[in-house]
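The two complexes that follow have chain A in common; it is paired with chain B in the first and with chain C in the second.
Then we have the complex of A and B:
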């Protein structure tokens, strides 16, 4: 046993030494990659995309993954970008932050990608944000949290395409103003999604002259929220705003109607899916939410500036896959299209792509909204990119103004 | 006044859900001294099996019976494959085994039923009943009725039948029980099967209220376990009192103090009660003695 120990130790030390060496070599090469890509002798543009194709975030990641693949095939069948084929390396982070970090390191250091897309979840995106900043690789996230791109000074290389919860709250408040409702009772999920929603609702309340008369919360798995709703009703609220993802809001809708409270219920973009209606059934009728336009592509009018982008993407997606692209598909689509826009305009190294995204994306029409990136705003959207939807006859319908 | 009544009714609804889960804990504990932390998973399996059966077009009543049978068999298998093999291990090891089982069942369920919440139709027409400006849904009344029925049947089974006597005997002194011709192994097997059946029944009753999903077992397990501890582990009426108390504390706490604080209020109260009565509200001081 003792005889074996020494060779083993030696082997381990050699391995460690070699690993250290190769790491430093990699770093040098990575440093070169940015520059050499711009010299015009590239045979392909390499893009890395990390989306959560499996795990709890798979309903988000799958459409994003599909949309990215769809665009890669489309661009390459049309002869690439200015004659150079596009190569997208897709990686699945399995909805885990550790895996996302590993994949980000692999894509940047081994594959030497020009841009990093993803990931689907806020936690995973925040986990890889640091790597993108440190390695100076442009990154475009498909996750919701505002903190991914704020404060902008600490997010020089990071952009994102989905609307933030701030936009969703603004859109809800705009709707409330239109309806002449000024007193609301809020009931939020006690998780990160709900509390971040409440934070924004409180921050924006004065600006939109909204008074929050009752603030209630629940745990995601609670079986009954009647006590909280009775309290909101007793506080003379004119509407109930529920901020959470399934099943909470479905229970809230059901309890509200069972209690015989007929206040309007306004939800968040977290329930922009058919499952909410399946769960809440009749109680879902009349529930209003802010959402991206991909929830009902066929209801978007021809006058909408996004009409062409949305309908062509929707058609291409549904032709190829047997599922709906949903709003998440639109994030995946916009992410890759932004990069393609940069590459088409001659921004072909990491630094130039970042510069292009920050300075040249103005009134850029995507499927999620119309983007205006600047050095102060790396999300580039306004609340107008969201529309209001209402449940009517068991379906989400666009709410006309 | 109307508010107080509403908070109470809501508390009773929530409390009955916890109580019905707690009864499963009590059944196994009183025979084997094992706390089965996979009890919440039995409840989940009950709800989700019913979902599959009803969406496959099986009539409601038949689906009800099949669900209970299927989950009971799973409970029996769990005892046969795990608990029996590890016989002789101390209760702590067995409890850890049940945690492993819970994680395993949850994993399988997430593959079989997916991760979305599902909807199960209520037992009867679910138009809310109005009592002096407060409302309660018929399904909630069903939960209360089933819970009371289960307590009553458990009482009959344990205190009035031979099987019950054998249960108590195996719990008090397995060796002496064996000398009297009782097989503690069979009793352990029976208690797991019975509590799986109770879990399934709980799942069936709760499913229309709660939108079951693969991960509902964890929360129900914790709340049910707390109810069982509060009432005094091993006491069926205690489990009911414990469950109802937790439900009422949550509901009144959310109603009159703050919904964000409701769990803190509830668990502070539980701690306080356990400090005064360490063995639970109806728990017996002597640990050596079994009985429901």
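Then we have the complex of A and C:
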């Protein structure tokens, strides 16, 4: 038995590996036959998209992935861009920097894509940024961190569509000023999202005359945060600002109400989903957050310049998939639509697409906001693209000014 | 003159291996495999160090990712924040993990058994927490970014073929260094410690000294891997230096065979191949996700520990040896028969 096992194992491994290799060779040949965007006759526009369909970032990556597929099908059923079909190669980075690096290298060098879209997380986007800059390929990220596009001198080839955490913090501070609240206690998730939120809250505090009287943190899966909340309450904070993604903020809301602390709770755009309300149950009532408008398409007024873009995308998405697109879907949508805009206007090589994105995207209406890219701003949004939302009767409602 | 029982470095093997590395990018031109191979080289450096520690000093480290991370972050901070040249920061990126290993080893080396495993396990968790929480220096969980690329004679070493050759150049150096250590007096002393610590110390071998030295060496190898990893990427994050990574390094060594330098190298390559195969199958069958990798690693570890406790490489090597000797003995028998 033992004698047989080893050769068997080896044979299995070799067979699997060879099978995998031959498969990829076939694919490569098929790609050659199809003809990529080379010189002469252009038979298709190849675009690479790396989103985190699996792993911890999958709640972000899934809607982005779906939105991208949706647009590809829509464009091709309408006859492509100026008669040339669109080919989007979707890749899953599994929420890992290493995988993102491998996929980015594959898409750029093996598939020879014109543009890279993604990734969903900030760490993965930064990893891809390095390669995009080295290989001079335009990329449009769907992640939050400001550092992806700043400083702009070091981000020549990199753009991004989601509001930066800076915008979200600005929007929260504007709201606090309106409410006359000046002392806040912060409690953040110790992950990338939470820590960059805190970084911005600290950086912008003086400008908005906000004093952070207590800084607490928790780990994403912690089941109880009573100790941190008691501290914040003891520090005479007038509001609790919680910066994290589910399930942390739901635990914070529950614990706060269980402790009988009567402070307003302000969350981040990271909990702009129904899941938060499901998790926090009754404690969710009254929680306020900054969010993109795609959270409640039916509540956006018809006068809004984004109305058409949001409602048509929302309808198309919910018709095809059984889930909500969420704000993340809107990032995926805007990313691919920006590229299509460039291709439609005759920017069909890497350099031209970059030039088009930087110079010709002004007052461009997307589902996330109205974009104005320039050589000084590769995010192109302001805090106004976010609105405030509040939980009322178990639903996110637009908070009127 | 060849002394009986003394193993010598087989230079032929190193040469063949170096040639294989040299021609690989010409045979496999796809960038995806080249990136995989580059990562494999980085991991191989760590695995060889860990293999020395496990196979020769008989110690287990569950915190190799911590030394890897310290190496990566040391050079990142020195180059990106303080503006040093990456080549100047290389010795520091080796020194810091080595120093930490020295401090730990100083207390641990007098103990036998699984104390080092426990201590390094704790170290891994502490270092990971430090990387996440010390935001002023490490920029926290979202990761350090803006790490400069390597420059050699005015030529920037980009990801792809140039970086592949750089990484494997270091792998070969580490390989030769390790083979020489193994086949030296120190190596024999270490093997004796692995087989019986009591016997070797009663024969006059300073066991704690050798154990500590090899522990420091393995930490420095991990630091070197960290340095290579950091300058390959524009950005690194603490997520690459978790306990999971330490376990993966362990799996590479156990699979390949901890009693052999080559084993660690082969183990690394095999583990990477599993990853590629899972990736390929995942493209065909959507239900196969990256979680499958962990299931397969677990299965491999189990099978290896049960059926091939010495690891794959030594077993295969013996198997080949046996095959060759059998054939040659048959031949000599025939010759003998013919003579008669």
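Note that the second predicted complex is superposed on the first by the 361 of 401 C-alpha atoms of A that agree within 3 Å, B and C clash if a C-alpha of one lies under 4 Å from a C-alpha of the other, contacts with A are read in each partner's own complex, and residues count from 1 in each chain.
The rule we apply is simple: contacts are C-beta pairs under 8 Å (C-beta built on N, C-alpha and C of every residue); 3 or more make two chains touch, one makes a residue touch a chain.
Remember, it's a predicted structure, so these values are computed and weren't measured experimentally.
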{"item": "Chain B versus chain C as contact partner of A:71, first or second or both or neither", "value": "neither"}
{"item": "Chain A residues touched - chain C or chain B, whichever exceeds", "value": "C"}
{"item": "Partner chain in contact with A:289 - chain B first, chain C second, else both or neither", "value": "neither"}
{"item": "Partner chain(s) touched by A:190 [first = chain B, second = chain C, both, neither]", "value": "both"}
{"item": "Touched partner set for A:122, first chain B, second chain C, both or neither", "value": "second"}
{"item": "Partner chain(s) touched by A:383 [first = chain B, second = chain C, both, neither]", "value": "neither"}
{"item": "Touched partner set for A:227, first chain B, second chain C, both or neither", "value": "first"}
{"item": "First (chain B), second (chain C), both or neither touched by A:134", "value": "second"}
{"item": "Doubly contacted chain A residues - partners chain C and chain B", "value": "190"}
{"item": "Chain A-touching residues of chain C, taken from the complex the two chains share", "value": "30-32, 34-36, 39, 132-133, 135, 140-143, 145-147, 149, 158-160, 233-237, 239-240, 270, 273-274, 276-277, 280-282, 284, 289-291, 303, 307-308, 312, 315-316, 319"}
{"item": "Residues on chain B engaged by chain A in the complex (per definition of touch)", "value": "3, 6-7, 9-11, 13-14, 17, 115-117, 119, 128, 130, 135, 137, 140, 206, 209-211, 213, 215-216, 218-220, 250-252, 254-255, 259-260, 263"}
{"item": "Touching residues on chain A, where the partner in the complex is chain B", "value": "56, 187, 190, 215-219, 221-224, 226-228, 230-231, 234, 246-247, 250-251, 258-260, 275, 278-279, 281"}
{"item": "Residue ranges of chain A touching chain C (in the complex, touch as defined)", "value": "2, 5-6, 9-10, 13, 16-17, 19-20, 23-24, 28, 54-55, 92, 94, 96-99, 101-103, 105-106, 108-110, 122-123, 126-127, 129-131, 133-135, 145, 147, 154, 190-196, 199"}
